[in-house]
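Dropping the structures in below, format is structure tokens.
Below are two complexes that have subunit A in common, paired first with subunit B and then with subunit C.
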Partner chain A sequence: MSEIKNIKNLKEFSTSADRFEGANLLCPGCAHSIIVREVLNATNDDLILSASTGCLEVCTAVYPYTSWDASWIHIGFENSSTAVAGAEIMYKALKKKGRLKQPERTPKFVSFAGDGASYDIGFQWISGCMERGHNMMHIVLDNEVYANTGGQRSSSTPIGSSATTSPEGKKSYGEKRNKKDMMAIMAAHGIPYVAQVAPNKWKDMVKKIQHGFAVEGPVFINAVSPCTTEWKFDPKDTMNIADLATDSLVFPLYEIIDGRELNITYRPKNIVPVEEYLAAQGRFKHLFKDEYKYLIKEWQDRVDEKWAYLQRREEARI
Partner chain B sequence: MMTKKGWDEFEIGAMLRTFNGKIDDIAGTQQQDRDYSENSSYTASVADWRLIKPIFNKDYCIDCQFCWVYCPDVSIISRDKKLIGVDMDHCKGCGICVEACPTNPKSLLMFPEQADEESEIANWPKKDEKEA
Partner chain C sequence: MAFDKMELQKIEVWDGNRAAAQALRQAQVDVVAAYPITPSTPIVEGYAKFLADGYIEGEFAMVESEHAAMSACIGAAAAGGRVATATSSQGLALMSETLYQASGMRLPIILNLVNRALASPLNVNGDHSDMYMIRDSGWIQFDAFCPQESYDLNLIAFRVAEDHDIRLPAIVNQDGFMTSHTAQGVHTLSDDEAYAFVGEYKPMNDMLDFEHPVTHGVQTEEDWHFEHKARQHNDLMVKVIPKIKEVFADFEKLTGRKYNLVEKYDMDDADVCVVCMGSSVETAREVATEMRAKGIKAGVVGFRVFRPIPFAEIIDALKGVKAIAALDRSSPNGAAGTLFNEIAGALFNTDTKALLSGYVYGLGGRDLTKAHLTALFNELQANVDAGKVTTQLQQFIGVRGPKLAYL
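The block that comes next holds the complex of A and B.
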């Protein structure tokens, strides 16, 4: 196994030499690239990367430019995971045959994809990669919408959010279904490591990514990625929204080891009411009309119930 | 200058090389020591996206690096744990770095794109007593 990069504090982290470049075409204030930087800077090892079609892929590979300083493949919407799995299996085969030019190097295999590409369209491909036991990490940049094509709902879009295919209006409060629990689905594959991360908690992120790189076998990471364009907030507030997401427990930070053992990795000192998280984003604005206010209460109840469940799971160690 | 290709002249399955020649230890090589090729977006600029821009005043900076870690566009330049400045070719003017800065007064503030750096630093706001 390769050496784990020593990152004790933010000053030390800031000596990292970025392998992701600016002058990409992501919106000002996009969280996708903040997450990508934290992930890539968590290791000094070589990187074999891919991205599913979506904002990250489209905006970082506008021909004739690339924003990646590592091996990176521009692939289809559904198959960033299998492209990296293919590279990983080839790497293993060459290693076994003694045909690697630099066998001492220990590359890390990572696929990035949006929630549309992971929760919906690439779902069976990811499931296959997890089930086959590839030594790889799949990271979801979860902005809860098909952002790159203009904001259609995905199975990650939460109740009450206004999306272009489930808009709020005279007769509707927007999305009617609750967000799919991908963490539980991925954990059910019995893989060594599943974790939810957020870019505002960089230390928790680095720790989890390093753990994911260190274990043998497939790793699934769900990263909350506040989207200034589709969630409708000012670009300067991306990290403030991420703070509200983690501190209201709408996005609790936890990990599941070997499909069983659940650990909560962040307990906010002051839990923020869910209402504050909703109020900070244009996509939930209509929920504050009198006729929809009951939905805010339901939101809070759902978040409380999930938090209680996670705590029980953690205590039970099952 | 790179020749721009027409829509019908694209190479199918093109491979873009980020660097001229070979870099063996990329994770140990800082941007200024890399030989980027014309295919790297590092050689491009998004400066014309900005309406507002951050100005850095080192007098109050505590080198905490919050601005470095949360900048989406790799535009906060830090070397040897010290903040050096803002990369104005790649900064998109989002303002996240200013939000993240914990000092009082802030060490980074947003100004109109045409603002003059020297005079803004000379007129930097004083410590906000309410906040302190």
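The block that comes next holds the complex of A and C.
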């Protein structure tokens, strides 16, 4: 039987045995490695992991090295979810047949993918995995852009952000479309658990990851992952940016159980204006020109509206 | 064992798909992940039904696309167990990215490829476009000419692919409909005999061995990529052919059915011969026998193994023959046919004086009739008599409209 790992404080948490080595090629200040360590440290159980092609993959498994001290697989850009689902199917088959080498162990199956690999190219694969009910967790490292290939827009890129394929310019304010609501889409699959997490709220994250590991069936986690390179902020500010993301409610932290029951898991004591979140990042710099300031107002309105919606959902218990 | 054995007749009436499904059952495949596509679907339906009826202990996952099917097969194989699937045509095209990943990761998955034309125009019938499309993907490719061979080669494929010296995925080809949906008498093995032949799956670098974590599917750039690809090619060229011969010999001992890398029919003294694959081999053999009655020394060579290419065996099979027709069941779309090129490449540095010509036939399920083959053998004899190829090097057989000839 698996046990829930008991974590008292951040020091203990950050010094627990690493199965994701610090020896990796991710950028200084990259939130990916912080999130991955927080996820892996949330359990003592064995892990079967996968990653889609992307920053995490190219920075952690460059032959003849690996940063992973747990079984790990990468196939392609679109299919980290299905790779782990395949391993989970084999686990079930071998368990049934009594052929597991360590039958008493209770492995957890986790796929990591960026927002491009989840919201766009891997969307169908994730949907398939969620629908089929594999006992697995898919975690999006959501940095709202194709960072590994140099900053192209994905369907997670927020409106007004300047990306290389939706650049700001004399006649454009950058990305024209709102971010896709993957949380709602995944919840609509009726899966046991969907949650949004952020690396700065590590206790909230650990609780959600542990809940996700405890339930039977597929789990979807969207993790905001501030990207120093593409969001254009100083590498030392990763956690400050994450704080602004959660405290401005641009990234509200909540969970949806069984596709219905919505719980808000973090209520900032002092809600920060969206403007402060935007002002801290180079990708939104152009929005502060006079002609685009209306977009900042619209941003704030959207965030307020979404927050009100989440609260109504939570209250209604539907 | 928590599954029931099936009592089979010595000879069962099975089509190629049923024969393949029965082989998957007897091999007790641990995981099948699949997506339906005509004409291969009955193979995975067969596995699912055997599972539902308690004749298999394993897992079947009906996923949302062929790409996902092979992705799940890769994850399952890396986890450490016996894996198989089936597809055709467009399905193979969709999964083609993952085929390279499966072979590059050295995962011994068995894929039943029920050969079918590639769109456009959309077509569900048999030709070899799909088989040719992924010929450089690093998979071993067997070719079954009839349902019996579909059964036998599936059992053989597991033994070859899963051998720890090999660890490469393998395809068993059979012609869509002509083989997959045509029932014939198939000599069977008992469940125990078949399983004993295939053997227990022996995991290697299995992700589910938690004491030995393993990283699958790494990145290599210019510093290592070439060495990995070269090693894989080397194993295909050096290790696979002897392994296939060894497993063929074991299979002959068990069943009396003898398989060869290239199958020769009346080739000992043949002047003219047809080289082809799939169900056409059987038609060509029948016509060759008829030609012999008419005084033309005709023979047939069929590729049993398409990848790795049995280079030495091709040279040997075609030794002494005076005219060769290479029959390609796929549009070369601006080139000579694949078999034409393979044969030309094999023979170029030999002292052969054989006249080689190429024929494109049977696209989208168009029949290759005995009349076509009779005319073809006569044409080859005319080449022999003239001492040169009397036609253009590439012709189309059985297509309507004006005669098409090139090169």
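Convention: the second predicted complex is superposed on the first by the 312 of 318 C-alpha atoms of A that agree within 3 Å, B and C clash if a C-alpha of one lies under 4 Å from a C-alpha of the other, contacts with A are read in each partner's own complex, and residues count from 1 in each chain.
Heads up, the rule we're going with is that a residue touches a chain if its C-beta (ideal position, glycine included) is under 8 Å from a C-beta of that chain, and two chains touch if they have at least 3 such contacts.
Given the structure is predicted, the values throughout are model-derived calculations rather than measurements.
Chemist: Identify the partner contact of A:252: answer first if only subunit B is touched, second if only subunit C is, both if each is, neither if none is.
Modeler: It touches nothing on subunit B or subunit C.
Chemist: Which of the two partners, first being subunit B and second being subunit C, lies in contact with A:192: first, second, both, or neither?
Modeler: neither
Chemist: Looking at A:14, would you say it contacts subunit B, subunit C, both, or neither? Reply first, second, both or neither.
Modeler: Only subunit B is touched by A:14; subunit C is not.
Chemist: According to the stated criteria, A:158 is in contact with first (subunit B), second (subunit C), both, or neither; which is it?
Modeler: Neither: A:158 stays clear of subunit B and subunit C.
Chemist: Of the partners subunit B and subunit C, which touch A:90 in the superposed model: first, second, both, neither?
Modeler: second
Chemist: Looking at the overlay, what does A:66 touch: subunit B (first), subunit C (second), both, or neither?
Modeler: Touch partners of A:66: subunit B and subunit C.
Chemist: Which of the two partners, first being subunit B and second being subunit C, lies in contact with A:212: first, second, both, or neither?
Modeler: neither
Chemist: Please indicate which partner A:114 is in contact with in the superposed arrangement: first for subunit B, second for subunit C, both, or neither.
Modeler: It touches nothing on subunit B or subunit C.
Chemist: First (subunit B), second (subunit C), both or neither: which does A:76 touch?
Modeler: So A:76 only meets subunit C here.
Chemist: What residues on subunit A does subunit C touch that subunit B touches too?
Modeler: 46, 61-64, 66, 68-70
Chemist: Please output the residues of subunit B touching subunit A within their complex, sorted ascending.
Modeler: 2, 4-5, 10, 14, 16, 18-19, 26-31, 34, 38-46, 49, 63-66, 68-75, 78-81, 87, 89-96, 98-100, 110
Chemist: Show me the residue ranges of subunit A that touch subunit C in the complex, using the header's touch definition.
Modeler: Result: residues 46, 48, 50, 57-58, 61-64, 66, 68-76, 78-79, 82-94, 96-97, 99-102, 105, 107, 124-125, 127-128, 131-132 of subunit A touch subunit C.
Chemist: Where on subunit A is subunit B touching in the complex?
Modeler: Contacts found on subunit A: 10-26, 28-34, 37-38, 43-46, 60-70, 199-200, 202, 234-240.
Chemist: Please name which positions on subunit C make contact with subunit A in the complex.
Modeler: Within the complex, subunit C contacts subunit A at residues 2, 30-31, 33, 57-59, 61, 63-65, 67-68, 71-81, 83, 97-98, 101, 105, 206-211, 213-221, 224, 228.
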